[in-house]
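Structures follow.
Heads up, the next two complexes both have chain A, just with different partners, chain B and then chain C.
Moving on to the complex of A and B:
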């Protein structure tokens, strides 16, 4: 347990060091970078370093402690952003659960039937090339319209579905790869026991797949966050961090630090989701024997 | 160790949910109207072009003040987003009514969406081209050779119309710059003249600090070219309905009349109660600052009132001008917004005239001939 704790502390430390490093680089660029932006080989690629385009790190941070608006009953920004992030988090979690259920089911199906894999996999790849922003208004229009057994489709569920749409793909592909990773010797052993397909799947293939599934689930988790945030931006769904980003972005002319508070909130949300998967991994794997058959 | 960790997690989760529970549930609008004798209420949905802001105050006011309820309507106001095209939502049947600018909606109509303009809420165009005073751009004739910002997405037609009017070739005579929906490009000097709505982006520059003085920019720092004044203004926010349903479904038609009547009643309320309407919009959860919203409310009132023919009535002259500009103005690719004149039934005054009759009965002033705008002082960041 001890070395694990030390590793966790080291990782957390490194995370903060890297964040601080980015902040230092940001401020450094503000000092040396061109105030009005610069051209490199004729193309305007050097971003302008003035306070409107790149507010100081401390301005962005101190903005969190200021009220959202200067009206008497306005909440402080950190609270508004946290609230928005938590709203989006719940949608992303629903999307992630949906996406991982579908992803794992598809992977199991594809590993069982070779024809399924041949037939389905290309469609899965194609599905990921459909631009999310084209899909979003369509899916959102189901809100309040589609009724399944008396259950009216709420608007927020559309955002979760788009999150699931981004989440299921890495999970399906990663799990499929994992399910195929069971060593041939073990498979032969299961066969010699006359184990059923189900037994082989749950006693051998899934445990063997876990090292592949964990990174896939992490990708899926951040995918779910992206899907939800894009859906919120694209359709103006109220309450979440995506909506805050578009609203604050339009106020950037006079209050440039404000939009960054929401952007950091979205980034933190992605980290939190991936962290949740990592935590689940640690909790699930702590009793797993270190020795593996190879 | 592990156990206490779990407890901590549970406790913090509980705390978080408490916070969330405490914040939720306050945004619902309260019914302030007296309960009326409605046998049944008709559910109606309205698609906005953007998120909640004073541009749509009349509808929120009609809901808040119970004008919709008086007409036995249960109205759901659906906010827009980056990729929501209101007239498409309407044509797809996702909503009952939608707000849209006339040229954009006519382009969708030409593409097959069978929709009809039933009330022209904004009688005037609110589009401006804003530049720094020292750039010397006082009319659209001065655009030649300048960097002209535009938003695209169908919001740029008036710019092209002005260029065409002045004989300026959009491809070679000016440098057209794609502009974000903010004014940072103008302030940074990327754009000589930036596209702005009177009720939104123009206020944004007046809410920003002038680095030379350390104080807010003032109107004297800028030149403003108004497309309405230039004579190339196109009709903007109008209520659109499903043309098929309007023709075949008597109940939908009746709903449309009531909806337009109550909406205009809402706008009349906002004309007479500018600050109250600002508060209604702010209570709906807009994140824009209070002085910005009041400015927006006041400017939107100027686009609606006074309404000589009666609010919502489509002025044939303005309509014909919008259509002919949409047909004749060539953009960068040389194509026009409309390839042919709209087929019959692109607009009707039947609905709004019946609606105004209802308002006559209620004693609502729908011309606003005595309307005078208020003075609004903008604060930094619109707060």
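Moving on to the complex of A and C:
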């Protein structure tokens, strides 16, 4: 247990060190970078380093402790961002669960029927090349209009569906690879026991797939977050972190640090989702040989 | 009723294609209950194929295989045999006891009965204190003993083994051979045992079946009864060496064939 704790402490430490390093680089560029942007080899690629484009790190941080609006009874920014992030987190979680269910089911289906894999996999790949921004207004327009057996499609569910749309793909592909990873000798063993397809799936193939599924689920979790935030931004769905990002971006000239508070909120949201999967990883892999998956 | 009855069996892979392999041709073999029979021969002689035909993991191209008086397919469904491979093949995510319980679980045994049987099997292989460990915490020899316990958990009358000690070091290997003989005597299990090792085949078996490749076939069956009480002394006994010489000579005959056939066919293949 002790080396495990030490490793966790080391990793957390490294995380903060790397964050601090990024902050230092940011400030360093502000010192040496051109105020009005600049050209490198003729291309205008150097970003402007003035305080409107790149506010100081401490300004971004101190902005959290200030009120959101000028009005006297406005909430402090950290509270508003946290609330928005939590709202989006719930949507992303629904999307993640939806996407995992679909992804795992598709993988099981494809591992069972070779024809399914050949027929379905190309469509899955194509589905990921459709730009999410193009799809978002379409799915969001279902809100309030689609009714199935008295269930009215709520607007927020559209955002979750878009999250699921990005989440299911890595999960389906990773799980499929995992299901195929069961060693031939173990499959032969199950066959010698006259085990049914279902027994082989649940007692051999899925447990053998776990080391492949964990990283796939990590990708899926961040995909769900991106899907939800993009859906919120492109459709203006109220309540979430995505909406805060566009609102604050509009005020960027007057209040440049504000939009960064929301952007960090979105990053924190992604970390929370990844943390959830990491926790599941630790629980599922605690009895496995110690070739750790990361 | 024979434990295993193989009659006129051939197995041809990729029939009618350029990659056709005559893995087995016209094989006849009968194993009586309680017998220990080894299959030995150079690579490609079809000994593993023969074992898989008995296990019904493969279907013969011609001929018939009967196990315990039933078709091979029926005896697989009834779990009339247990199987052990070169790799112990324990499931990493299951404790030692749960690995042994696997075949019972698949048969639908209830929990208490399974646990009792796992305990009994762990005592049989002399590892009772390891029940709750995970397989990867065990040495290779211990893992293989657990694999044997798993193969015998449902008390099948027949045990099929495919080079089970092939990956073990020499000392562990000899110890495991002794353990296997003790376990089989206690449980009165019939064994069909595939191996590369001549001393191993002679030490363990009532009969050694010598096979040769291209096409895979049985060339000789050698009786080696070293008696019921085999031990360390047996490995130094005259009849042990006599057995080894007999098997070696039988194999040498097949090897010479093999070398010549290989040279000629090798040219043809290209």
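Throughout what follows, the second predicted complex is superposed on the first by the 286 of 294 C-alpha atoms of A that agree within 3 Å, B and C clash if a C-alpha of one lies under 4 Å from a C-alpha of the other, contacts with A are read in each partner's own complex, and residues count from 1 in each chain.
One rule holds in what follows: a residue touches a chain if its C-beta (ideal position, glycine included) is under 8 Å from a C-beta of that chain, and two chains touch if they have at least 3 such contacts.
Here the structure is a predicted model, which is why all the values come from computation and not from measurement.
With both structures placed on the common chain, the touch criterion links A:255 to chain B but leaves chain C unconnected. With both structures placed on the common chain, the touch criterion links A:192 to chain C but leaves chain B unconnected. More residues of chain A lie in touch with B than with the remaining chain of the pair chain B and chain C. In the superposed model, A:83 makes contact with chain B only, not with chain C.
Judged by the touch definition given at the top, the superposed model places A:204 against chain C, while chain B stays out of reach. In the superposition on chain A, A:247 makes contact with chain B only, while chain C stays out of contact range.
After overlaying the two complexes on the shared chain, residue contacts for A:148 are found with neither chain B nor chain C. Look at A:183: by the touch rule set out above, it reaches chain C but stays clear of chain B. Chain C makes touch with chain A in their complex at residues 55, 57, 76-77, 79, 81, 83, 85, 87, 89, 91-95, 102-103, 105-107, 134, 136. Contacts from chain A toward chain B in the complex involve residues 36, 48, 50, 52-53, 68-71, 82-83, 86-87, 133-134, 136-137, 140-141, 144-145, 232-238, 243-244, 246-256. Interface of chain B with chain A (complex): residues 16, 19-20, 23, 45, 50-51, 76, 79-85, 88-89, 92, 94, 181-184, 187-189, 201, 204-205, 207-209, 282, 285, 287-290, 379-383.
The touching residues of chain A, counted against chain C in their complex, run 183, 185-186, 188-195, 199, 203-204, 207, 210, 287-289.
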